[in-house]
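You will see two complexes here that share chain A, one where it goes with chain B and one where it goes with chain C.
Take a look at the complex of A and B:
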């Protein structure tokens, strides 16, 4: 049997969930034996295989049009979609931005900050994404498995990966379910 | 008609989201390559109204690769704002946590992010050009690298209860003292960590010897250099004043970082969400400078630990009397700093004050404003808060390490694109463009705190701006 294919990406988060994945330390060798790691931010394939992957993992919420595209593409590419970490599960710390208007937050960063020079402007090149309200992953695409935590600890992530790689659905409860 | 626009997106093996567009002339040569940092989060605005003491917990969520940097910069800004300087043992413990972070962040970058380019080659198959490829090619080395990162992460875990987003520093000090057994556990790992870093240095030197021609044409350009130093201009990562030197190596400024607004400004370009800091007196872009490992080793005249100092002398001999300008030497500088950090862990562990329980100054005298500065793994990190009499924040300004390198990364992308991209374009050429960014170890979540993450796209357009070609890899 071919090894299950896993792809991952990060959206509006901090990369901490992927770092927590690396905190499984030497167990990364086990994961590499059980599964085929395809496109991820720490490998060089850019997008999930066109023929699809078995498991898609997304860290971070959705706070702009580029995030939306990545989330939709991953949902289309994978059989099982995992929301990894608090930002993907419910928005997390970056969702604090929703207490302000986008205009206010952009003006603060690019025009008003004390260190800005007098030529401040809000970046608007067509190459750039457009910011949106901050949303959880589930608000944009259907999610199959939720792994909360900021970040989820390495043991939990290893458990989730090992279960999925062996064709089982992880059962998150007790110590594995925390929100801090 | 060979004019085209190439898009690389996302740039991989860097932290965050970036996109590169390369505009081509009608003759098929690179006209200009742009680095677009493509995320905005807005921490500077949404932290308004939060309490000062919450900031060491909120701001690490800017970045999960170097959360300790934001944790400590926020605590230091809190020390200043609340007028409660920490007792010496607390500063030592914070610095110990910081050294753990430098080792894990630099170690991970060299072996797990940049390493695949050096060990497997820029032109290696992208399907295996990653950490798993290293595990398969050299399992012994991969395991050492994993253990090096673990050593740094465990220091953070021992002090702050967790490896990522620790709970430790507070305005006025830290919330937990260190036990003798915990210190001994840290000390027990120092020798192995140093040995692994030295193995990395050996790999780097062999690689540099074999790739001298590339090193000398891969994004080599003059800038200023900027960062903290000790009073005698030695390498410093936790405290001290800021030193700025010019492209010729002569000191332009040495100043108390709390006065940073008198010396630097940030410029905005419409094509990137990441701002461009510069030295005010020289304007933009004349006053651009570089930070991080290469910048710090250029501004430092010596290092206070013996092994790192010996390596630093070799580094200084690369371009005697002048700064080292080669982008690829960031990797070498990063390993020398990791060596210093591991040696400094041992020094700190032997300090008689380290186990003291005098770790918190609770005498608060609200000053209304505070600046906290630290040398994060990627460069100088500045947190500046203003608060009302209830210690509730009214304004927040952040200048993050990778931001200082924004101009240099953009220049490196353009330079490498012009040096290496020829018709027909290959994947390996594009990977070199990414490697130019990777050398700076950008933390795009950090730099786009305000600004977010950095996915990267490489697009080629003709001189009229029409998209001709988008290259993505799968």
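Take a look at the complex of A and C:
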């Protein structure tokens, strides 16, 4: 059997879940032996193969139209989609802004924020993506596996990758399951 | 009754809930709104179980067992229901865990979801914003984290009898409010903090300990509160030898977990400056010194004064000190120094008269706190239970909704007047006449449960004259109390701090006539012990050449500071600096309540051990260690033991 192909990408997150992935240390070699690591934001290849991958991993929630595109592309490219981390699973810290209107948050970020100069302006170039409410991954595309945690432990990530690489569906419980 | 739970047959008494039965059989059922100290409510629906023959899943917390009932606590159907309940709870308000103070083990909501193996919420939150009420001095209410379980509301009413917290609106609009929707800090809240302790989520959080780490990382020290004579059981949570927060001990016999502001918040918010090293007066200034230097200084001044009656050493110890210390103090100064002026900071104000009456009667005449909690009519006289001995006030207030009648008698407005059936405000100094008048009314109306030992004919008229009250109002109180099945009388300083024991005797006589139990609130944590050791006389310093004052962590009164102003040589052992330490010749650092260990006798005669929770600084000594060092320095010894000394005098309330 050919090694399963794994690709990952990040959306509205802090890259912390990918850092936690790197925290598996030398076990990344085991993962590389078991699976064919394809595109990730932290390797040279950034976009999944057109022929598709077996497992797609997404970190972060969806807070604009660009995130939506990436999420849809990954969903189309993979057989099993993993939501990695609290932002992908629930919306996470960025979702705090959902308690305010988009207008309020943009004004706060680009005009009122103490670190801005007096000429603050909300970017409105038509080339830019459009911000939206922050959504969890499953509100935009169907998700197969949820790995919550802020970030999920390296041990949890290794367990999930190792299970998927060996063709099994991981079952998170006990120490591996936490939401913070 | 025989019940089958998960194929295990067990027998439980009638009235047991399915939840309790299952737990006693070793099966865990998750709960959220349920709490061991509260009446089951059945609000959260997390504890659903399958009952054979029932059409739907049943809430186990409110369902009493039936004989032959067959219950299943784990099944796919139950698990699905729990997940559904939790999903609804999570999607209702802001339950994003990473930025919540209780996340990671301290949140019962999160723990329940993790126990169900939930990796996500199938429903998205509704993103409605709720206010955060940070108006209270000691805690914050974040309505975004509230799951409407009503534990806080039930605790406020059922346990504290304060009924400050409540809910407005219904269904999804339900909203926790204080009084009629005022900010918590401006409400009728008495800051007992029971709501912070029962809240299962991060909705009500303690300001002092919030975001300082997780509860699993703290050490627990079960001990008693030294705030007053009630002696409530508390759990002191410490981290790195500092107090994180204080909680009520649900298993404590005295208070069952309920504590007041004095026990929960004030010790953590202590602002006084510590005395960290011995200080010796050199000229006008107090200079830091070693313990050896300080003890030498004390010994050299005190040695010539040994045995000098009236012109020797006067000594006073705080009634917040443990029995061990009070005993050593009494023995060293009365026997060692031969001093006739050895007393405690309360100077017998709350215990002098009751102690003397017990001596006279030759037996205890007061009852236990439990008699108040099982009473059907309570007379509150001469004590303000909203400001002092607050937990006794909670015990009174919380049983009033069940039909218990309250009578308050106080020359001034009493905070409990509003909840009282009858409130009397007699003239100052007319307590004796009023109580004698009550006895007379009871006899006159033929309600006495035994024969009166005093002639009573004219007492009612005299009471009317002296108190300024009408005969009808006095009679109505007499009728209410005398017709009760289990009347209880709670009295305090108003009666015990008088110059004569006339009013106290009249009260005991009245209690006898109506078959009422009596309990006085006493003073500080070791009031009763000080009384048993005869450390209950007024401090008189006329001609004494030196005074040794062991204040511990007690705050000196202005009166005491004035009394000691002209003593030629003043030694003060105190945990905190004060005007008194500023005027002393030698100041010794003292352990505070959390840094010492020892026994206390509470207002109902219960002997309890207070445990140490904090390791004091190197130079800070307990009173007991200080007394031992002083005795050694003087070539004296401390003999006898605190426990047998406790039983030598007839106590006002049986000591056990």
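The rule is short, and it goes like this: the second predicted complex is superposed on the first by the 179 of 180 C-alpha atoms of A that agree within 3 Å, B and C clash if a C-alpha of one lies under 4 Å from a C-alpha of the other, contacts with A are read in each partner's own complex, and residues count from 1 in each chain.
Heads up, the rule we're going with is that a residue touches a chain if its C-beta (ideal position, glycine included) is under 8 Å from a C-beta of that chain, and two chains touch if they have at least 3 such contacts.
All values reported here derive from a predicted model rather than from experimental measurement.
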Which of chain B and chain C A:83 touches, first, second, both or neither: second
First (chain B), second (chain C), both or neither touched by A:12: first
When both partners are placed on the shared chain, which of chain B and chain C touches more of chain A: B
Contacts of A:139 with chain B and chain C, given as first, second, both or neither: second
Partner chain(s) touched by A:39 [first = chain B, second = chain C, both, neither]: first
Touched partner set for A:96, first chain B, second chain C, both or neither: both
Touching partner for A:124 - first (chain B), second (chain C), both, neither: first
Touching partner for A:147 - first (chain B), second (chain C), both, neither: second
Which superposed partner A:175 touches (first chain B, second chain C, both, neither): neither
Intersection of chain A interface sets (partners chain B, chain C): 92-93, 96, 99-100, 150
List of chain B residues in touch with chain A within their complex: 8-10, 12-17, 19, 21, 34, 36, 38-42, 44-47, 58, 60-65, 67, 108, 112-113, 116, 126-127, 129-132, 135-136, 139, 142-143, 146-147, 149-150, 153, 162-165, 260-261, 264-273, 275, 277, 284, 384, 395, 397, 399, 431, 443, 445, 450-453, 455, 457, 459, 472-474
For the chain A and chain B complex, residues of the former touching the latter: 9-10, 12-20, 22-23, 25-26, 28-29, 32, 37, 39-47, 49-50, 63-64, 66, 92-94, 96-97, 99-100, 104-106, 108-110, 113-117, 119-125, 127-129, 131, 150-151, 153-154
Touching residues on chain C, where the partner in the complex is chain A: 94, 96-100, 103-104, 110, 113-114, 117, 119-122, 124-125, 127, 129, 144
Residues on chain A engaged by chain C in the complex (per definition of touch): 83, 86, 89-93, 95-96, 98-100, 133, 135-136, 138-139, 143, 145-148, 150, 171-173, 177-180
